[in-house]
Amino acid sequence: MTNTLHRSGPPESFRDDFIVFIRNSKGRNDVGSIPKLKEFLRTALRHRPVTISQYRFGSTVRPAEHLNPRIHWTRPVQDLTPEQIIEAITKDHTVAAIFDTPEAMASFLREVKAADWGLSVNVAGLTAPVHACAKRAGIVRHSVEYSLGFQGALDRLPERPVLELSTMCGHSMVSPNLARKMLEWVREGRRTPEQAAAYLGRFCSCGIFNPARAVRLLEAAQRGNR
Amino acid sequence: MTNTLHRFGSRDSLRDDYIIFAMAARGINDQGAPPKLQTFLRLALKHHPINVGNAVKGGIFRASKALTPLAHWRRREFIAPEEVVESIDTCTTVSAVFDDPANLEAFLTELRGADLGISINIAALTDEARTCCQRAGITRHSVEYSLGFHGDLNRLPDRHVLELSTMCGHGMVAHNLAKKMLDWVKEGRRDPRQAATYLAKFCTCGIYNTTRAIRVLEEARVGK
Amino acid sequence: MQIDHGKCVACGNCIPICPMGAIYIDPAVNRATVNLDECVECFTCYRGMSKEYLNPTLVRTIRGFLKYLRIRFDPEPDVCPTDALTPQELTWPRIVRQAFSDPLVPHESTGIHGRGTEEVKTNDVTGRVNEGEAGFTIEFGRPGVGVRFRDIQKMTMALAPLPITFEKKNPVFSLMADSATGTIREDLLNEKVLSAIVELKTKLEHVPQVLRVVEEVSQDLETIVSIGVATRCDGQGDNALEPLLKREGYEFYRGKTNLGLGRRPAAVPA
Amino acid sequence: MHIDPRKCVACGNCLAVCPVSAIYIDPVIRRATVNLDECVECYACQNRMSKEDLNPTLVRTIRGFFKLLRIRFDPEPDVCPTSAFAPQQLAWPRSIRQAFSDPCVPHESTGVYGRGTEEVKTNDVTNRVGPGEVGFTVEFGRPAVGARFREVQAVTMALARIGATFEKNNPVTALMPDPTTGAINPEVLDEKVLSAIVEVKTPEAMLPAVLRTVEEVAATLNTVVSVGVAVRCDGDGENRVEKALAGEGYPVFRGKTNLGLGRLSNLDAQATTAGAAGPAGR
C-alpha cells in the first residue's frame, strides 16, 4: 500500500499537497486505537484541511448505491460532512488529513506532537518542507521513503496533466481515461473544475485524492498551459 | 519537412506502414517536374496504395469548405485519387502510402523502369525498405535513421495516442483528437474506419496511414 | 488564430482539434477562446475543420434548450457549425510562429514547403551528405508539444563549439543572431512554434560527441527533441553509420531511405 | 468483472472509469463488455460508480430515438444507470487478480493482509529498516498500466541473483515457492494485476547494485516500475542515502516521512517483543 508514495509531477506541482496519516501496527499498538484515529481527525479539522478520509472508506465524496435520476441536475460537490466520516470509523484502518499549505500542516503537527497518541504518523509530500515543518513542531523525523519515480515502458503512461490527476489515487482507482475526460469536460465548459475534481475523488477508495490540487491542475490545463 | 521520419511505434506496430514519396531538388532538376510527379502517382495507383497525397494540396481525405447539416447523417469519406493527381501544378512532394510490402515492391519495380530522374524516398522500417529495394534491383543511396524522442517525455501521451497522432509528422493530428477518436470507437459511437477517416482529414500532406490507424484503434478498443 | 465570439456557439468541437490544446470554452463568456500565448498559428483548426454556415443565434438557442434537458447534439467531430474561426493579421515576430507551424506556408528562406530543407531526401541529386559524413536533423516540439526559441537556443549554443557546420539553407539558421555562438535573435526567444528543425553536418567520428551533447541538453528542455541522423550509403547500400549507432546503444529500426533514382540534368553542372 | 448484457444500455460511462481500459462497447451485441484477459478485477467500476436502477428497455428506447436525431443524454460521468455490473465468483488463480488490484479487499488468498506490508510507515514501532540499512519497495503496474507476474518474476529473479532478501511478510514473497530464487508460482505467471509490490532490504552498500538491477530489467518490460527507497534517519533527522541518491541524479524531492511518534503499547508484552524482533527480511 504505497498509495501516497508515487504521485507524479515536478516539485512545484506538490506545493499544495501534504498528506498526514496515522496508523497503528498490528500486534504492537493496535489495541484501543480507534478513538485515537477519531481524535486525530477531529484535531485535523481545526487546521482547515482540504479533506479528511479513512482508507477503504473514502472522503467527503463517495459513490451512491441508489441514485434518483434527478441527480443529473442536482449533484452536490460534497456527499458527506467531515463529521460523518469520523462517525463512520468502526475499523482501525489508516486515517488521513490532507493540507494544501505547509503552515496548516505545521500547526497541525504541533498538536499531533502534544497529543502523543503513540501511533505512527507519516507525511507524504515534498520531503524538504515536511522536514522543516516537523522541526518547527519539535519533531525529529524517524525514517523517510523516497519516491524515485517511474521506469520501464513509460510510453504506456499518459501525458503530464492526466498523470498528475490520476496518480492522486496511488491505487490507480482514478483511471487516466476518466482524468482526461474530466479535463476535456472542463475545457468544454461542461463542468466546473470543482465538479470534475469531485467526480475523480469519488473513485479514490482511500479518500487521499487532493481536490484542491486537482482543481488547480484542471484550471491550469484548461487554458493549454501544459 | 521530416514529417515522415519520426512515426512513433514499436517495430511490430510499423509492419504495415510504408510511405514512398517523390520530390525534385530546387534549382537542379525541378524544371518540368510536375508531369513526372503525376506519373509517379499514376504508377502508384496501379498497386493499391491506401492514400496518395500532394504536400501542398492534401491527400484523398480532406476537409469540406461548406457542409450541409445532412452531413451529420451521411458523409463522403474521401475524394477520387485522380483528383489528387490532377491537382499537381507545382514542384511539390507527392507521396503514396502502402500497407503491404509486396505492393510497394511491385511499384518499385515499375518505378525503376520508368526512370523519372527525380528523388524517391521510402519512409518505413529501414531493413524492410532495403529488402524491397534489393528485390526491385535498386541499391539504396542514403538513409536517415530516426533515433526517437528525447527530452521532457512526460509531456507525451500514451502509446496508442502517439501512434495515431504521429502519423501526421507535421503534428496536425492533435493528441486530444486521437484520444477522442479512441474513446468514440470504444464507446461504439463511430467505427474504426470512420474514426481513422476523421484523423486523416487533418493530415495536410496525405501521408496518413488509415490501415494502421484502424488496426491501432481496434487494438486499443479492447484494452490491448 | 482567433475565434469570432459573435459566431461561436461553444459546441467545443475545435477543442480537441488544436495540437497545442490552446482552445477552451472561456466560462466568463461561454465561447471558445484561443490562448494566444500557447497558440502556434498552425491553422489546423481553420484548415482542417469542415465548415457549416448555420445561424449562431438559432444554434445557441437549440443548444441552450437541449442543455436544460441534459441533452447534447452528437455532431461530426471535425465540423465548425458557424465558420467562427478567424485568422488574424500576423506581424513580426508573431508571424514566425506560422512560418514554423503551418506546413502549407513556405519558409521564405527555403522555398520548399514544410519546415526544414531537403535534408537527404534529394541527397542523390545534391550530394549534401557524403560517405564518412553524417547529417543531423534535430527537431524540437513535435509531437504535439511545441517549443519556444529560448529552448532551441540552449541547444544551438551547446552545439556551436563542436566540430560541426550548421546547414545554411535551414530556417532556424536564418534566425540566428550569430551562428558562431549559436545565439538566436533576441526578439524571437519567447515565440512558440509547433516544430523547428536544426540541421547540421559533421564527420562520422564526431557523431557520438554530438549525440551526447544533444541528449544532455534535451534533459533540461521543457519540450520533446527528436533526432534523425543521415548518411550516404556505399555501392552495396551499406554504411558505417549504422554499426556506429548500434555501438552507441541506440535502438532504431525506422527511417527514410533515399533510393538514388534522382539525377542532375546534363545542363546543370555538379 | 462481468457486465450483465440484459441490463447494460451501452451508455459508455464505465469505459473511462476502468483504470486499465478493459471495457468497451462490443459492436456486435451493442453492450459494454469486459475484456477478461486485461481486466485486473480491481472493482473500480463496481465499487466506485454510483448506481441508478432504471428500466433497461426504457433507457435503450430513449437512447435509440435520440441517436436517430443525433443527440445524446449528457449524464453524470460516474453513474451506471441500470446497475449492470455483475461480479463473478473468482477461482484460483484468477482470484489473485482482485487480491492485488482491489484496495478494499484483504490479501486473503495469499494469507497476507494489505497490498504490501507496513513498509516504513510503522518503522518507528517495528524498526524494520534500521541504521545502515535500506528498504526498497519495487512496485509493478502502477499507475494504471497493470503487470503480469511473469514481468514481476523477471525482476525478482534478478534481485535474488545479486543476493537481496525478500521481506517475508509480503504478498509477492508469499507467491514464491523458494524466495531465495525469486521464482514465482508458475500457476499465476500470466495473471495480470493492477499493482504488485516487491519488498527487499539490503545493507546501505548494496543500494547502487539494487537500483541498477531494477533499472536494467525494467527497461525490458512492457509495464511501469516505480521504486521507493526507505531509510532510518539519525538523531538530527538526517540520512546519508538522500545525498547519495541526489548525487546519482534521482529526483528525491518527494516521499513519505515517518515522524517517529509511534510506540509499542499493546498490553500483551510477550506478543509485542516477538513481533518486533521477527519481521524484516534477512
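Each chain carries a letter (A, B, C and D) given by its place in the written order, and its residues are counted from 1.
To be clear about the criterion, a contact is a pair of C-beta atoms (placed from the backbone, for glycine too) under 8 Å apart; a residue touches a chain by one contact, two chains touch by 3 or more.
Every value quoted in this text rests on a predicted model; they were computed, and no experiment measured them.
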Subject >> Interface with more contacting C-beta pairs, comparing B-C to A-C >> reply: B-C
Original post:
If you average the Cα atoms per chain, which one ends up farthest from subunit A?
Top reply: B
Subject >> Gap in Å, rounded to a whole number, between the CA centres of subunit D and subunit A >> reply: 17
Subject >> Centroid distance [mean C-alpha coordinates] between subunit D and subunit B, Å >> reply: 40
**OP:** Any chance you could list the residues of subunit B touching two or more other chains?
**Re:** 8, 72, 153, 155-157, 162, 175-176, 179-180, 183, 189
Original post:
In subunit D, what residues contact two or more other chains?
Top reply: 15-16, 18, 21, 70, 74-75
Subject >> Junction residues of subunit A - those touching two or more other chains >> reply: 8, 72, 154, 156-157, 163, 176-177, 180-181, 184, 190, 226
**OP:** Counting only chain pairs that touch, give me the topology of the graph as line, ring, star, complete or other.
**Re:** complete
Original post:
Once bound in the complex, which stretches of subunit B touch subunit C?
Top reply: 1-9, 11, 14, 21, 23-29, 31, 55-56, 63-69, 71-72, 75, 92-93, 108, 111-112, 115-127, 129-130, 133-134, 138-153, 155-157, 162, 165-166, 169-177, 179-181, 184, 189, 198, 201-202, 204-205
Original post:
Touching subunit C in the complex: which residues of subunit A?
Top reply: 72-73, 184, 187-190, 192, 221-226
Original post:
Which of the residues in subunit D end up touching subunit C in this complex?
Top reply: 66-67, 70-75
Original post:
Tell me, which parts of subunit C touch subunit B in their complex?
Top reply: 15-21, 42, 44, 47-54, 74-79, 103-104, 111-116, 118-126, 129, 135, 137, 139, 141-145, 194-195, 197, 211, 214-215, 218-219, 221-233, 235-237, 239, 241-242, 245, 250-265, 268
**OP:** Report the residues of subunit D in contact with subunit B in the complex, numbered from low to high.
**Re:** 10, 12, 15-16, 18, 20-27, 30, 35, 38, 70
